[in-house]
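Next come two complexes, and both contain subunit A; in the first it sits with subunit B, in the second with subunit C.
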Partner chain A sequence: MDCKIVGNGSADIIHEIEKLKLDKKEIENRISKLEAQLKADEAVQMKANQACSSYDSILDGHAVSSNGLTPGMIYRYSRHLLLPDFGVEGQINLAKSSILVVGAGGLGSPVVLYLASCGIGCIGIVDSDIVELNNLHRQIIHPEAYVGHAKVKSAAAACRAINSSINLVEHNQALQASNALDIVSKYDIVVDATDNLPSRYMISDCCVVMNKPLISGAALGLEGQLTVYHHKGGPCYRCLFPTPPPTAACQRCSDSGVLGVVPGVIGCLQALEAIKVASGIGETLSGRMLIFDALSSRIRIVKLRGRSLQCFACGDHADFTQQSFQSFDYEGFTQSPMSDKARPKLSLISDSARITSREYKDLIDRQEPHILVDVRPAHHFKITAIPESINIPLSALEDQISLVDSYLKEVAKDSGKSASLYVVCRRGNDSQRAVDFLSKNGFPLAKDIIGGLESWAQDVDPSFPIY
Partner chain B sequence: MQLTLEFGGGLDLLCQSVKIHHVDVTPNVENGKLTLRDLLSWVRTSLIKERPEMFMKGDSVRPGILVLVNDCDWELCGGHDTELEEKDVVVFISTLHGG
Partner chain C sequence: MEKETQDFSAENCPGEFSGEHNLVGVAGMNSEPSVKIEVLFFAKAREITGLPDISLQVPPSSSAGDCLKILLTKFPRLEEICNSIVFALNEEYAPDSIILKNGDELAIIPPISGG
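Entry: the complex of A and B
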């Protein structure tokens, strides 16, 4: 008996040792993989910290013709060289220039692709976002395989696949007043392909204090706008817009939608303007603005005011230095956040007038007589909705308040009990506004669902579509 | 006075989602003239159907709106005092920030 136990015991021990050895090997593998990754990241970081010395590294020891181009460059860019207005000189200017693209999204995608293809010597890409599936309809640089990965990594990989001869610098961080001087200083030209107001003021100011031309594009819905700021004596963003607009006028693609090709069109035109500034050909949009209306296929080019002598940033008596730039509070100035993720949560009504999505699910299960009013716009309601909910958009609530009463009465009649009133929206902000209005207009017991349909999808029904 | 007014960058939402308006605006009775200042108050009362604060601030347009007369920034042609002429095209455009 004892012997058998010992025998079994040593077999167990041997088995245990083998298992631990395997584990050890696996851990060692993981360590060396992580070390390699760390090294690679450090190399990328080091490159990001260096100035963008483009031309010499492109040549990289290749024999150069008397015109300054290598045979490989002559073949690759031959269709550029054949343009009489562009030619060898234009191409060498591109190879010698460095461009920073801020934002690798809908605008930045075509910008970066074209700048890489056309042989800009050094391209920096700055963005802190990761690729999400609902980006791909417009952010054409990113493939499905990169969903969940950093946008700069995805964009740089796409550029490398197109043109391995140029320098690409990955700035996997958000551009902010604290790091912008450092990053922008390494480039000749800046492209604003961001999606928010504080970044637009910040990038324009940075380009003024660092004296860099800025190619600025924007797109929303079915419209786009494009101009060149702080170039050859032209105006900066603040010359045009000394005071920021009210926050209610600042729409985002994640709220208002955008037709994918619209930022694509504007991004292509931004790439064109950047190429013109870099190569020194043609007449840029400095002092003019291109306005694109996709729905009516109309492009309007308007003449803008010149540089303002009173401009806070670039005016003759402006006292705006690198130091004042770094300490300027852009989010405070514009009253809006740089990141879409940092969306402020409204807190308008008391907690007693709110329930969680789980509590709402419980009262459905208890078959509590009630109605659920969904106050999103009608075209949102068509995307997805909680079954049995009634759509009365917030903007129509005042006119249609009698509907609420009749729906409540109907449910009360059918159930023989009084019916309660719940309100839902996409994220739980408009529902509060609705409850606030309802409580002051004859429905004091109205409650809203905290976090809206997003929390319903997250906490109650994982199969509920989010958008 | 026959004018064409265009609203862009989302401002069309304030006037029943119509972008282009062909309008007939009566000039000042005293001098027979029509300035941009006059036109702004006419637009405010005749075209803007909701959220007027999204269009006006005080007696001017709110920050973030460009006013263009015949494709030219109103700052270049006299601002509020710009005198309009028959068949002028006036564009009101809200700056976009998305991307």
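Entry: the complex of A and C
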């Protein structure tokens, strides 16, 4: 900065010195703040790299009664201690245990909250996602203030607010075959609270090679499932499902929807199973599957097959090692991505049969005679739609193909020109399937809108609702 | 909840099944004309069939595997999931070969992966 001191002599100089001193102080403050932050980050990283040795650090120099609990613990967990089947021993087992929760979403929210409240000595949380507003209806651990921030940060803050006496480790990364052995090795028990099939196979395999019990929960729509895998000689995920289902890619909450409380119910039950495994009380869901049907308010518990001797991962002759685990291609095996963001883009039809959302806007402005067929399911169409578009769901297109013809004729009659046919869907995959079908069934000039309504919202109409 | 009763005994059952099962009545120990079971669909199976459950009449001495084949003729799209399901008879894991009895409850449980 250039400072020119003109006239008035010493008063100006003194003033300038004071100003510079203030600047200096502010800069020094900023330096020490940044240094402290660096130190804290390093400490977190170091903690993450250490095995989660929980119990001693919880005691943290407090006087311990002869039963192994501090007065603070006795008061805080007194309602646990009063349970004859749980008691002091159960609580000490919780304090000594470390649990890794994979996923801080709909399932992970209640899991992590309950594990923190109940005094698990060390809780690790793995997730690479950030909190989004459309998560909050079910991911009850995250407040609005954390929208846009890392889920692990938000979840850990919520846990600290509930129980400052436990250890929390934030793994702000996606769990993958490359880092899973390292992370999982630091914990006694693993909770699968993820939202996708490749992660489920990967976590189960990891628990087999690292010999950890796995509390696995899942929820979609109005249904939930819960099982304890690889525990006391019970089956693993692959014992039950040696072949992944082929249509897994579209079985996500972001596609199929989920009633918020359903993962909440399953997550609470996962926390319960984790507490039972950690404390050593009761009979877990090893070898059984709990099936929750929210619509009919029914819970069924199905006895599962035992461990499969032919299992690829845990069978008697399985040759599945830590090395083979690390090099296994889980996304290839399940034909579906681990990340919700990496959606496979279909390219079924030629570029000449496609237009961009901007091009579509131009032809509206030119008043080109046309119809726009929206092939999303009817309940999607009710959420939002481009004005004047006609809803014919892809599944009904074959039966209602004559409708397309009559709409086209109507527009042609009104305008005196021939009308063109455009197709749109949510993201631009189903619209290609529709154009493919239409082109083979009498509508060779049908075109779809690339990127669907998402690109319409992004490139043409920012006020168009996205979901 | 709506229930649909499907009669798949002998004459209604197309293809090789009807022939095979017409003979079963003679060989079988069961004197009843057919066995009525309840099939429960979960997750993707429910989505494909559009039903939470159906009552099914199967020929006597049908196995769980036979029943699945009958279901596949009625709901061909079940094919896409039939290699990755938990099959439970009366809330317990059952091999395909197990013979169905009157009043049995067969659950078809594909895995769900959401969260």
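Here is the rule we go by: the second predicted complex is superposed on the first by the 425 of 467 C-alpha atoms of A that agree within 3 Å, B and C clash if a C-alpha of one lies under 4 Å from a C-alpha of the other, contacts with A are read in each partner's own complex, and residues count from 1 in each chain.
By definition in this document, a residue touches a chain if its C-beta (ideal position, glycine included) is under 8 Å from a C-beta of that chain, and two chains touch if they have at least 3 such contacts.
This one's a predicted model, so the numbers in the text were calculated from it and none came from an experiment.
For the composite obtained by overlaying on subunit A, subunit B and subunit C cannot both be accommodated without a clash. Applying the stated contact rule after C-alpha superposition, one finds that A:Ala161 touches neither subunit B nor subunit C. With both structures placed on the common chain, the touch criterion links A:Ala63 to neither subunit B nor subunit C.
Residue contacts after overlaying the shared chain place A:Leu82 against neither subunit B nor subunit C.
Of the two partner chains, both subunit B and subunit C are touched by A:Arg200. In the superposed pair of complexes, A:Arg305 makes contact with subunit B and with subunit C alike. Subunit A uses residues 103, 105-108, 193-197, 200, 217-221, 223-225, 240-246, 248, 251-253, 256, 258, 263, 289, 291, 293, 296, 300-305 to touch subunit B in one structure and subunit C in the other.
Those residues of subunit A that touch subunit C in the shared complex are 103, 105-108, 193-197, 200, 217-221, 223-225, 240-248, 251-253, 256, 258, 263, 289, 291, 293, 295-296, 300-305.
Across the interface of their complex, subunit B is touched by residues 103, 105-108, 193-197, 200, 217-221, 223-225, 240-246, 248-253, 256, 258, 263, 289, 291, 293, 296, 300-306 of subunit A. For subunit C in complex with subunit A, the touching residues are 1, 42-44, 46, 52, 80-81, 83-84, 86, 88, 91-93, 107, 109-115.
Listing the residues of subunit B that touch subunit A in their complex gives 8-10, 19, 51, 53-54, 62-66, 68, 71-73, 75-76, 91, 93-99.
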